[in-house]
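In what follows, chain A forms one complex with chain B and a second complex with chain C.
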Partner chain A sequence: MSTSARYVYAISRGLRPGPLEVRGIHGAEVEVVRHLDLDAVVSDVDLAEFGEEPLRENLEQLSWLEDVVRDHDRVVQAVAQVGPTAPLRLATVFLDDDGMRARLFEWRFALEQVLDRVTGRHEWSVKVVLPPAPAPAGVGPGAATHAGDAQAAAGGADYLRRKKESLAGRVAAEERGAELGRAVHQALAGRAAASRLLPPQDPRLSGHTGTMVHNGAYLVADDEHEAFVERLRELTAQHPDVVVDVGGPWPPYSFAMLEQR
Partner chain B sequence: MSAAGPAGSLDAVLDGHGGHAGLDQSRADTSDDRPLGGGAPASLVDLLDRLLGTGVVLAGDVVISLAGVDLVQVRLHALITSVRAEMVRGWP
Partner chain C sequence: MSESTGVPAARPYSGAVGGRPQPASLADVLERVLDKGIIIAGDIRVNLLDIELLTIKIRLLVVSVDKAQEMGIDWWRNDPMLTSQENDLAEENRALRERVRALESGGGPATEDEGRGRAHDEAGADDERRPSRADGGGR
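Now for the complex of A and B:
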């Protein structure tokens, strides 16, 4: 037996109540439900999939998770095109519209504040990646292949010394990287309405090579983004040896937290 | 996937040729009949950063709703090591 529930993607205001053109989770129809002055963007999901137990299991299936994340993002992006948008965290599910309305009522002031904060602003992602350092010459297997015992011993000592230097060099590079990350963040935060530091991403997920020394999210006013981008240009010009990865404009995913008010 | 994958290089973004929409698209057109969903794509890992960890926390009736987000992230983390190949397949 399947029972449907309500999946909420985002809260907005000033939308037109009724169905939206964009499709939601697994292609579901997405509609706008107004309560008070708030518009909840919702679609039906099956409790056999989004109930507590199945949800717990499904969240561990990466292909399921990816599909739902992409469906969720598509809807949030679409809403962000037409109104101020407070994205909800993944898998916010209510048993019915009454439950959802009760929660909207409870959170109405905080939601209004969030919507005020993100109106006319977009999120930008800026990551800084240090490329992998090239292995220093003379460190590595075969570096100390000299003829003669005395030479070999000297080569061994040499090898250890170079290895130590290489380690020190790596530590220094990491410190420089961390410093650069802080400098970038400081420079960009000054041009942003709000900013957040996110943990560096796992290279196995992101696919980057090298060391991610900075992963920041910036809430930038639409009429400030020229200045923000100009600042980014300056920073990349100053540091041609690192990869500066920019993403956006995105809905204000990182700046819609009720707790932050 | 290189570091200039889904999240493009600065120049790519600025020129509008990268995996991201150009800056001009950051200005939302508020007319109701524009095609929806025309925003800039984000990589899966960027989305996971944001959708699991942040966003408005409006606890639903299905209370797992990531109340146990730490748990989810830990499990995800464990998952990463084993299913990297599977994920690459699904990426744009």
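Now for the complex of A and C:
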């Protein structure tokens, strides 16, 4: 049994066969392997790391996962700069090129369809974050350590009243946030070839403060992207109190799905 | 790409509209890559559910950190899945908080037992960069 295997990052079309400039997983050389009309972007990986058992264990290691995810993403992004790109799911590994070719043959029509759909288009990410409302003195998460003082100073009833007001304010802010999220999505989806709503990100992972009221992915034609960003600017100007975070152009990760399974 | 005129050749960016670009956060990269992409079964059968379970596990673990700390639960500290960096940061924060307390009380005897070793360590060469890190990490 050979010790190395073939890791496939993405399928593309019309690339120049041979090595690519970008480096792959753990710095491996990345090459383009053509089969039929499809270009597979691949590199060697070690079976001691990507074999069934080690892979299962490695996926549970956040630092290993982060490295591989970033390497994978870097290659896919590089491919998306030069051709239509259908990213493959992380850790798609074949024992050799023959195995990979057999699978490409099996899925050739569906893969062609995906490439047709994403050609000339890229993915954009738009997140809207509502900053935390300033909490009245004595209530709110930031004031937890002073709660005792506030209670002693202002009396229990007063404290409870303010706490209730703060809660009502938070509910109103959440409703407003949800409404804003819907409005943004509606406005942007009209400029996109396709769109997807994603779950709000965890603040501990993303580092944002406040409430993420919208997290959307948009497949935007390359010649539409300026209009898309312009629309986004208008929306941002209309709502100066929220933080609008835009990312792109990215490979169409959220829009690369096979029609038949 | 024949229609690439609209897309800048520069590397993709992320940031507030009109704002400065920033490196992709771990959340962004995981979100973009992890549960996405075409599934064609390779020769190495990885249970994709594992990956999804992992992300859920990350989210659950990470979201509950504050709560867990409030309740005095810290089993997650020993979960090998969480990077050692995170443990180091938490450790560092605790050490810094102790030190602040010691400084505020004029180096009172309360922290002497536990604090001596740490205070010694922290008076070292990297003393200057620590306060700024405390701003970012300490809450």
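Assume the second predicted complex is superposed on the first by the 237 of 261 C-alpha atoms of A that agree within 3 Å, B and C clash if a C-alpha of one lies under 4 Å from a C-alpha of the other, contacts with A are read in each partner's own complex, and residues count from 1 in each chain.
Heads up, the rule we're going with is that a residue touches a chain if its C-beta (ideal position, glycine included) is under 8 Å from a C-beta of that chain, and two chains touch if they have at least 3 such contacts.
Worth saying up front: this structure is predicted, and the values here are computed from it rather than measured.
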Superposition on chain A - do chain B and chain C clash or fit: clash
Partner chain(s) touched by A:P87 [first = chain B, second = chain C, both, neither]: both
Which superposed partner A:L59 touches (first chain B, second chain C, both, neither): both
Partner chain(s) touched by A:L167 [first = chain B, second = chain C, both, neither]: neither
Which of chain B and chain C A:A157 touches, first, second, both or neither: neither
First (chain B), second (chain C), both or neither touched by A:A221: second
Which of chain B and chain C A:G210 touches, first, second, both or neither: first
Which of chain B and chain C A:V22 touches, first, second, both or neither: first
First, second, both or neither for A:R233, with chain B first and chain C second: both
Overlap of chain C and chain B interfaces on chain A (superposed complexes): 5, 8, 11, 50-52, 55-56, 59-60, 62-63, 65-66, 69-70, 72-73, 77, 81-83, 86-95, 99-100, 103, 107, 111, 114, 122, 125, 198, 201-202, 204-207, 222, 225, 229, 232-233, 236, 243-250, 253-254, 256-258
Residues of chain C touching chain A in the complex: 1-7, 9, 11-18, 24-34, 36-48, 50-51, 54, 58-59, 62-63, 65, 80-83
Residues of chain A defined as touching chain C within the complex: 5, 8, 11, 50-52, 55-56, 59-63, 65-66, 69-70, 72-73, 76-77, 81-84, 86-95, 99-100, 103, 106-107, 111, 114, 120, 122, 125, 198, 201-202, 204-207, 221-226, 229, 232-233, 236, 243-250, 253-254, 256-258, 261
Residues of chain A that touch chain B when the two form their complex: 5, 8, 11, 16, 20-22, 47, 50-52, 55-56, 59-60, 62-63, 65-66, 69-70, 72-74, 77-78, 80-83, 86-95, 99-100, 103-104, 107, 111, 114, 122, 125, 127, 129, 196, 198-199, 201-202, 204-210, 215, 217, 222, 225, 229, 232-233, 236, 243-251, 253-254, 256-259
Chain A-facing residues of chain B, complex: 1-10, 13-14, 20-21, 23, 25-30, 32, 34-40, 42-66, 69, 72, 75-77, 79-81, 83-84, 86-88, 90
